[in-house]
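Two complexes are shown next, each including subunit A; its partner changes from subunit B in the first to subunit C in the second.
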Partner chain A sequence: MGTINVSGKDIEVDEEGYLVNRSDWTEAVGTEMAKIDNCDLTQNHWEVINFLREYYDEYQIAPAVRVLTKAIGKKLGADKGNSKYLYELFPYGPAKQACKYAGLPKPTGCV
Partner chain B sequence: MADFQTPALREYPIIPLLHEGTMAHSRPFVAKPEHQASVGFPGELVENWEQKAVDKLGELVSKSRALQVFLDSCVKCGACTDKCHYYLGTEDPKNMPVARQDLLRSVYRRYFTFAGKYFPKLVGARDMTKDVLDEWYTYFHQCSQCRRCSVFCPYGIDTAEISMAARDVMDHVGLGQKYSNEIIGKLHKIGNNLGLPEPALRDTLEGLEEDVKDETGVDVKFPLDVKGADILLITPSADFFAEPHIDGLIGYAKVFHAAGASWTISSYASEAANFSMFIGSHDNLRKVALRIRKAALDLGVKRIIFGECGHAWRVAYSFLNTLAGPFEFLDPKYPVPQHICEYTYDLIQRGKLNFDKSANDNLVVTFHDSCNVSRASRMGDMPGGQFKIPREVIKACVNNFHDMAPDTINESTYCCGGGGGLLTDDLMELRVKGAMPRMQALKEVVDEHGVNHVAAICAICKSQYTKVLPYYKFEMDMIGSVHGLVSKAIRLNPVND
Partner chain C sequence: MTESTGGIDMDEETSGVVKKFLYVNRKAPYGTIYALESLEVVLIAAAFDQDVSLAFLDDGIYQIVKGQHTKNIDVKNFSPTYRALEGYDIEKLYVEKESMEARGLTEDDFLVDVKVMTKSEMADLMASQDVVMSF
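After this line comes the complex of A and B, so read on.
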């Protein structure tokens, strides 16, 4: 357990840096988490993060990688609708890394 | 990439020199009280835990003749020492199977043998102390319970059983592993390891129907909770979520479609995996297995077929009937349960499937035998069916196939490095190093035969490869599902009947 400091406020995160309370999330929190991983969030990152948050609100789970790539392909063009593109944005794995910045729990299981 | 050295792949495999303590720092995250509670264990180290651990060990030994024999019969011949992928990859002597067993055996000896009770120092017997417990936690989470060592042990000592017992003892005194216990808790609550609720599962499956329709023009269905279906498919939830797993799921659906089969997935039992085996917990093992029975009864199916999941097939093939049987309500004409590879193989044998192998002509394929399928189960009705059947399914779908070296496949297969509840980011160093022997064998067929694709039938293997391949300078998408190859090659003619 630890905390990260965002605009003067301490926010609780778990051992791997995922938010403990999902309601603590703000864009600034996502940006700070990415900064800790030496990752600058661009508009392209935010497209993914925002989609994850919308999907999570509806289904209480992150989308399958395939669902994510399809949605991003529709939004940003077919050349970006593949996991290679997502891995370029989130080299630690789109499901896990993007979920972290989106304030969602880490996907568990054989993934 | 993390701060450790990826082992070098050599011209030929070597037995490394010992480097004591190289992995002494490796410890997976400890389960939180709520994770422990969800699987029925105390939240933190209990009072008087030393005695309770010894009592639990005594109980396990008294209940399992096998465990007692494994603890009593080692003669320290050394046959196992160079057979563990974690030893070969980490060079830490405590990862030699005999040394790992002795972490627990020394405690067993102290409390349950005459010599250990009265002359502990003479026989290397140790008290149950905090140092010992910490060592257990470290090194019993460096065993993927792959059972390769047991193949080479002249007494057949099964380190996996010892590692499961150690984890069970630790859980009972309040020291659990976060990764496995959180997942089992989720399965109890939601029905799968991912925590994928029914609406999300339905949405994913509908999306797949659209995708397959776009790709093939054929209405291949992915039915969910269909009462009265003939076949219940139990598959790892990674098949609904991860790449390349999902290509395998698409393959199963196409096979069912081509066969004109009536089948369904269950949202209640939407998981083949049963991590309870990894933590040696019989109560959890049974509770998870009973979900499958309930789903089969509720949906009124005639057959149960398992998707591509290694340890699930061990639980299914070897334990399902005793855990959740008898399955007298299923159709006795079919094996209970059946593996998807057996199902596809049978259709191929009967000429019921059409393939265009050239669809996979961009690939030169090898097959990774998964530990639990290879060494703890079987397929079909012939010895070695678990090796032959997946390969025959692959060969029906591809023109180019080469096996890896004989001492690294079939019953001698090397673990992918992520099995047994170790597929977690906090063990990445161990996973990368433990993959070395497998990667070494892979490199040989890559260099000699131009292999560019590994097919597997285990969700853990597929995820582990995706993660570790890049450390060894291979492309991460080199790994695929066996039924992903089927999916590419199968021709979907209209169903005849």
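After this line comes the complex of A and C, so read on.
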């Protein structure tokens, strides 16, 4: 358990950097988490992050990477719904890394 | 750490066998951990490209009933997750007719599309599986 500092406020994260309280999330929190990983979030990153937040709101889980890839393809087009594109954006694994910045728990099935 | 579909080398020699898995859900969604655990196992197993079916019997039928509100018992309402199963290519959901009728429910009360089958059809379904896991 640790904390990250976002605009003067300490936010609790677990040992892998995921938010402890989902309600603490703001875009600034996502940006700060990415900065810790040396990742600059672009519009393309945010598309995926926002998609994950919507998915979670609807289904109450973070999708497995296979499901994410398929759903992104349906929503944002085939040029984005493939592993290559998503792994380039999120080299630590699209579901795992993007879920972290989205303030969501690690996808079910990720060990 | 690996992503849920990664880390395992599914080449042609090892991925040839597809088994039929049936997850049998018999318990009410809250009060015990069985329903949630079953759902998590199903979601994890979905990554392995097996032939997966879910059956709902007895009080397990309440797991997929519409309009669950869990705020006052202070647990997460995970019922929306059943609607994510389709995206995981899990589309074979079965409800036992006798259990459904005994609880005054109809197909319209469920938040996912299901196939209703009689106790004896359910027995045949179970007999046709390679693996049956009961929760």
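Criterion: the second predicted complex is superposed on the first by the 106 of 111 C-alpha atoms of A that agree within 3 Å, B and C clash if a C-alpha of one lies under 4 Å from a C-alpha of the other, contacts with A are read in each partner's own complex, and residues count from 1 in each chain.
Criterion: a contact is a pair of C-beta atoms (placed from the backbone, for glycine too) under 8 Å apart; a residue touches a chain by one contact, two chains touch by 3 or more.
In this text the structure is predicted, and so the values were computed from the model without any measurement.
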Practice prompt. Classify the contacts of A:73 with the two partner chains as first (subunit B alone), second (subunit C alone), both, or neither.
Written response: neither
Discussion item. Contacts for A:64 in the overlay, against subunit B (first) and subunit C (second): which applies, first, second, both or neither?
Written reply: both
Worksheet entry | Which superposed partner A:15 touches (first subunit B, second subunit C, both, neither) | first
Practice prompt. Indicate the residue numbers of subunit A shared between its subunit B interface and its subunit C interface, in ascending order.
Written response: 58-61, 63-67, 70, 93, 95-96, 107-111
Worksheet entry | subunit B residues within the subunit A interface of the complex | 29, 179, 182-183, 186, 192-197, 199-200, 203-204, 207-208, 211, 236-238, 240-243, 245-246, 273, 309, 423, 425-426, 459-460, 462-463, 467, 476-477
Discussion item. Residue numbers of subunit C touching subunit A in their complex, please.
Written reply: 1-6, 40, 43-44, 46-47, 76-78, 80-81, 83-84, 87-88
Item to complete: Flag every residue of subunit A that touches subunit C in the complex, lowest number first.
Response: 58-61, 63-67, 70-71, 93-96, 107-111
Discussion item. Help me check something: in the complex, which residues belonging to subunit A touch subunit B?
Written reply: 15-16, 58-61, 63-67, 70, 83-84, 87, 93, 95-96, 107-111
